[in-house]
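Here come two complexes built around chain A, the first alongside chain B, the second alongside chain C.
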Partner chain A sequence: MHKLLQSDGFKSIASSLIAILAGLIIGYIILYVTNPYDAYYGFMTVIRGGFNSIPRGIGSVLYTATPIILTGLSVGFAFKTGLFNIGASGQFIVGGFVAIYIGVHWTFLPTSILWIVALIGSFIAGSLWAAIIGLLKAFRNVNEVITSIMLNYIGVFMVNFFVVRTTYDSLRNQSITPSLATVPKWGFDTLLPNSGANGGILIAIVVAIIVYIIIDRTTFGFELKAVGFNRDAAKYAGINEKRNIVLSMMIAGALAGLAGGLVYLSGTGVHIEVLDRIPMEGFNGIPVALLANSHPLAIVFSGLFIAHLNIGGFYMQRFDFVPEVIDMMVAIIIYFSAFALAFKGVFEKIARKMKGDKA
Partner chain B sequence: MEYVIEMIDITKQFPGVLANDHVSLQVKKGEIHALLGENGAGKSTLMSILFGLYTPDKGTIKIKGESHNIHNPNDANALGIGMVHQHFKLVETFTVLENIVLGVEDVDKGMLKLSNARKRIVELSEQYNLRVDPDAYIYDISVGQQQRVEILKMLYRNNDILIFDEPTAVLTPQEIDELMKIMKRLISEGKSIVFITHKLNEIKAVADRVTVLRRGQYIGTENVADVSKEEMSEMMVGRKVDFTIEKEPSKPSDVILSVRNLTVASKHGSKPAVNNISFDVKAGEILCLAGIEGNGQSELIYAISGMIPIESGSIVLNGEEMANKNVFARYQSNLAHIPEDRHKHGLVLDFDLSENLVLQTYHKKDFQKNGFIKFKNRLNHANRLIEQYDIRAGRNAKTNTRSMSGGNQQKAIVARELDRDPDIVLAVTPTRGLDVGAIEYIHKQLIAQRDLNKAVLLISLELNEVLEVSDRILVIYEGELVGEVDPAQVTQQELGLYMSGSKREEVTIDA
Partner chain C sequence: MSTLYFLTQQTMFYSIPLLVVALGGMFSERSGVINIALDGIMIVGAFVGLFFMNRMQATMSGQGLLLLSLLVAGGTGVILSLFHAYASIYHNANQVISGTALNLFAPAFAIFTARMAIGVQQVTFINQYRIAQVPILSQIPILGRMFFTNTYITTYIGILILGISAFFLLKTRFGLRLRACGEHPQAADSAGVKVRRMRLAGVMISGLLAGMGGLILMVPVTTAFNGTVSGFGFLALAVLIFGQWKPSRILMAAFFFGLMQTIAAAYTGIPFLANLGIPSNVFKSIPYLTTIIVLAFTSGRSAAPKAAGEPYDPGKR
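Now for the complex of A and B:
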């Protein structure tokens, strides 16, 4: 038994599960306090998540999960290399805008490749936007948390400005829909009709696998991790630590930018609204990454899980809960999920104790 | 005979390790009692038990004749036990005074009252000759002075049993002498001292009795006057240790590293850290750069290895100008570097051993193909070095380096650097904080490199090491070379005069 408890994989998974369980319990208490009659049904609705309505709900989970898996990868990748990318929102919106711009204006390209070019555009835009953070960090030692938060605001307002100038639907105060550039459905529309699910989820999963391979299997990942764990030792080892910091931020930004591209090219009528609001997909990447302990493959599952809860929250509206309570409930579960690491420590203690008793 | 501390049959088990196996320690009142053992022998565990940081599984502790259970440091403090930890527990941004009173502050109507404390601290520092400015900030004072603050902390709390955990590891030779005087002063005032160390000279210099531990077991207690250093080291290591280093006369040949008029800026102040230094290191010799810590040695090495930029001058390695090349290029020119700070530079502590052993060579053909790591080769490489250099690590190649002992971490670095088959090895305080067994081992490795016709540039703060290992000595003082001496002819005293700047001469390079 304690052998199982000692294995790293088990500890990681079990601690995440316990964190989720604790979040569910507290969430239930909150529901009960606000509305004791519907608490049980509301709670079960959240748990059922996407399965409240099959197949539509499941499709919605996949659709919601796509961007947060990618922003989760963005945050997680930066974490692995010792950086805290809190600027995924800014990279997301910049990437999203460039995708819309290309989708709307580069219609001279055949539609079969327009969406690909637009996605590549979002990828590059996100990476360039994040490069600013990396350059400041590497060459001026400016804390990346500060620059990335500030670039969120700059990104949002800059995109608003450019939307108004280049792709503006003035009637609705939002961006024009790039109807010729949409991510293909790849059968998801027949499998899960009316849900918005599209090939984006497959792209996100493939990207997660690529990120995993880069981090774990390549010398590039080795360098990035060395810089992340110990910048001085990396420098001593002859690794160009400045270059690696910039590259690491650029890759993180590219992933968040791609998330933006996939959202705004999803063909579900999502627009960039000209408002002073920072897109939540970027921040949601943080709990997704934390819950998965920054492991790229685990991020796919944590992204799906958090999307599942969000959809569950959506269906909870049929009960008598104010929407804020629903958001709170989902947020609490996510919040507790972030404690996964703390629970891991508890597990290690238990394992040690069990071993101690036997000896 | 009255004992102030009696720890009888102490046993403490950690997962996988029996840290103390029926260990006993009896300390008389008014003596300096040395606790001797290699890294991992159980000295720190035993003292942590006395200080209340761990509870023993078995055994009894008597303080001044009465049996006690010590559950935490506050209990220990109440019994008059104080400890100076190896890594000081001071708040850097507080003053000396604030650090000393921290936890036992005088409070007047809710306000902190420091006037009495200040008076007492001034008295104590005069009584024990512990000179330190009570209003200086910790980050402004030297390591030696920080240690005095730790000692004052214990005195301020009226502790009369003082534990010093390897207090000399961080000090310069002069500071060590000073500490020895302070310790003698303390016992003359009626305190009792437990002195944890693995340096035999220091035991000979100050201790009255010595208790030796080896791999968690009690080996014996002796009067220091009755045992020789050789006997103590045999008790500690379990075998005879060579103190005299056997080596042939050096046969220097080609110049490998040639430094000319090198000037390196200082981080603080306007005076350069390294000022117009020129020297050569030849194949087949160990050149030692001797000096007191902080006289520009670190900056010189960082400049040679490429980690910091230089102001002016040239660094020629194997005939190639390196002054503007990066670290990577210098490794490509067969430079190896055993760094001063093994945790900051030498290892990525979150990597496992196999990863750390390829820290500079991960990009070589053996370890990657098209950017993909060859895990099997990396593992084989680690296993070979573990075997060849006798690196002890719990989970072998997969051991997280953070969990390894200091000696084995250093062995891993030495293995990695020497295995790259370098032409020149920069070895910076390579034996700092290690026990005699490991020191002997590293000295032998450096001499073996020399005998393979490699160049070795050794930076050392320990006079013994300087005199015994090197073939030629340059003395550095305030960033300048102040003397070149022959280790076979110079005395410790004379070397000390050069190192303290009292004596200097022009250093010339014979072409």
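Now for the complex of A and C:
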């Protein structure tokens, strides 16, 4: 038992679970304070999440989880390499725009590969957008948090500029639907009808596995992590630390760009609206990554979990609760997961005690 | 000439909140705690302050109400900052994660509370605080019209805060101890300074100023708060870095970014810029673009406090 308590994996998972529990309890208190009569029902609706409506709700969870798993991978990958990518929103919108552009204008390609080319486009666009952050960090020592935030705004303004000039539906003030480039359903439409669920979730899971292999099983991934752990030591060990910082950001950006591509090619009628608003999918990747302690495979689960809560929040509106309470709960969960070190210390203490009792 | 007056007056509206919030960030970082939550604290400070104003304006009016709301906003900021302080100072939590949690919490809290309490997301207020001209001072040629007409009392409060901050940070024992905690906490500790207590003070001051800054930003430029400060907290962090963590340079940086923001927000009111025929999206990008360019040229010789971002570990040398 004490061995289990001391294993790193257990400690990470257990402290995440404690953080989730704390967030849920405080969320319940918030509901109770605002409306004591419906708090219990509202809260249970949140807990049931996607299962409030089977099969549609489950499909909605998969659909909502797809982009935030990818932006979560983006943020998590950057974290593993010592960078805080708070700019996933900008990379997301830039990637999404390029996917729409290719889907609308490159119709000379056969339909069977158009969506693939469009997704590759979003992947490349996201990585190039994030390369700016990496280059400035590596060569000019510019704090990546500031650059990322600034590029979110610039990205939104730039995409609005190009949407209006290249792929504009002026009647609705939004982008045209790329109807010939749609991510295949792969049976999700018959399994989970009317939910928007599509093959994107499988793509996200495969990407998570690939990211896991790169980070944990390759020399390249090891070098990236080494730079994140100690830039100077990595340099001394013969690693080209500047190149690695740029590559880390480019991979992170590519993942967020792909998230944008998958959303806007999902065939569910989502458009880029020409408003000065930063897309939330990017920011939502941050809690997904933090809750999973940046582990790529755990990110799949934390993405599904947060999507589950969000869908629960949607159904909770029938009790007149405002769905933003979900964002507050998620924020509280993340706040408590910042205490991970403290929790881990507690587990170690318990483990030592148990060992002592035996001896 | 009238364009110049318009430009300076507008610039003050954006520079002063950036100045105040960046000074807040300065106290936190120079005590050794990175406070990435400035944006979130601004949002909650502005929200609670304006909500208070919205409720009270039926019974109160005039500058007194503005000052009272400012105190409410600052007090709210302190309360919120305590969460960051508790996690990062007393539990050695990752300061970026704890700050990010507050940033995620803030807009959700503002929107949730507004919709639960008044049914709509926007908090509106009557702007009755504009001072058309300050007596006597507005009669000074040129400068009078630039700085003492069409202004707000918050502008002068901001300048006052700058003076007080610079004095406390650079000329008092408190300031010296605070700075020591951000540079070498172990040395400060061995000299008898209570490191954790000094850091708590630094973070609380940052909360006070960020909360007030949120309200100072909102009052002149809008009459409806919508749960966002458009990333001004992060712009303030950029001002702090560009200002090299020093009060006088922060003042200059704040004016520079305020001017850029003015060009973005009010270029249609400046005939020269409006006639250039540049698309509006380009103008809107200017503050964010110049931030990146300026930081690219000034970040090389960073003067960041050495221990900023590291939890204090008494056992480390």
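Methods note: the second predicted complex is superposed on the first by the 322 of 359 C-alpha atoms of A that agree within 3 Å, B and C clash if a C-alpha of one lies under 4 Å from a C-alpha of the other, contacts with A are read in each partner's own complex, and residues count from 1 in each chain.
In this section, a residue touches a chain if its C-beta (ideal position, glycine included) is under 8 Å from a C-beta of that chain, and two chains touch if they have at least 3 such contacts.
What you are looking at is a predicted structure, and each value in this text was computed from that prediction instead of being measured.
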Which superposed partner A:40 touches (first chain B, second chain C, both, neither): neither
Which superposed partner A:143 touches (first chain B, second chain C, both, neither): second
Partner chain(s) touched by A:158 [first = chain B, second = chain C, both, neither]: second
Which partner reaches more residues of chain A (counting touched residues only), chain B or chain C: C
Partner chain(s) touched by A:339 [first = chain B, second = chain C, both, neither]: second
First, second, both or neither for A:240, with chain B first and chain C second: first
Which of chain B and chain C A:218 touches, first, second, both or neither: first
Common ground on chain A, meaning residues reached by chain C in one complex and by chain B in the other: none
Touch list for chain A against partner chain B, complex: 217-220, 222-223, 225-226, 229-230, 232-240, 352, 355-356, 359
Touch list for chain C against partner chain A, complex: 36, 83, 87-88, 91-94, 96-98, 100-102, 104-105, 107-109, 111-112, 115-116, 231, 234, 237-238, 241, 279, 281-282, 284-285, 288-289, 291-292, 295-297, 299-300, 302
In the complex with chain A, residue positions of chain B that touch it: 13, 15, 305-307, 326-328, 330-331, 337, 339, 344-351, 355, 359-360, 362-363, 367-368, 371-373
Chain C partner contacts - residues on chain A that touch it in the complex: 30, 34, 84, 86, 132, 136, 140-143, 145-147, 149-154, 157-158, 160-161, 276, 283, 286-287, 290, 322, 324-328, 330-332, 334-335, 337-342
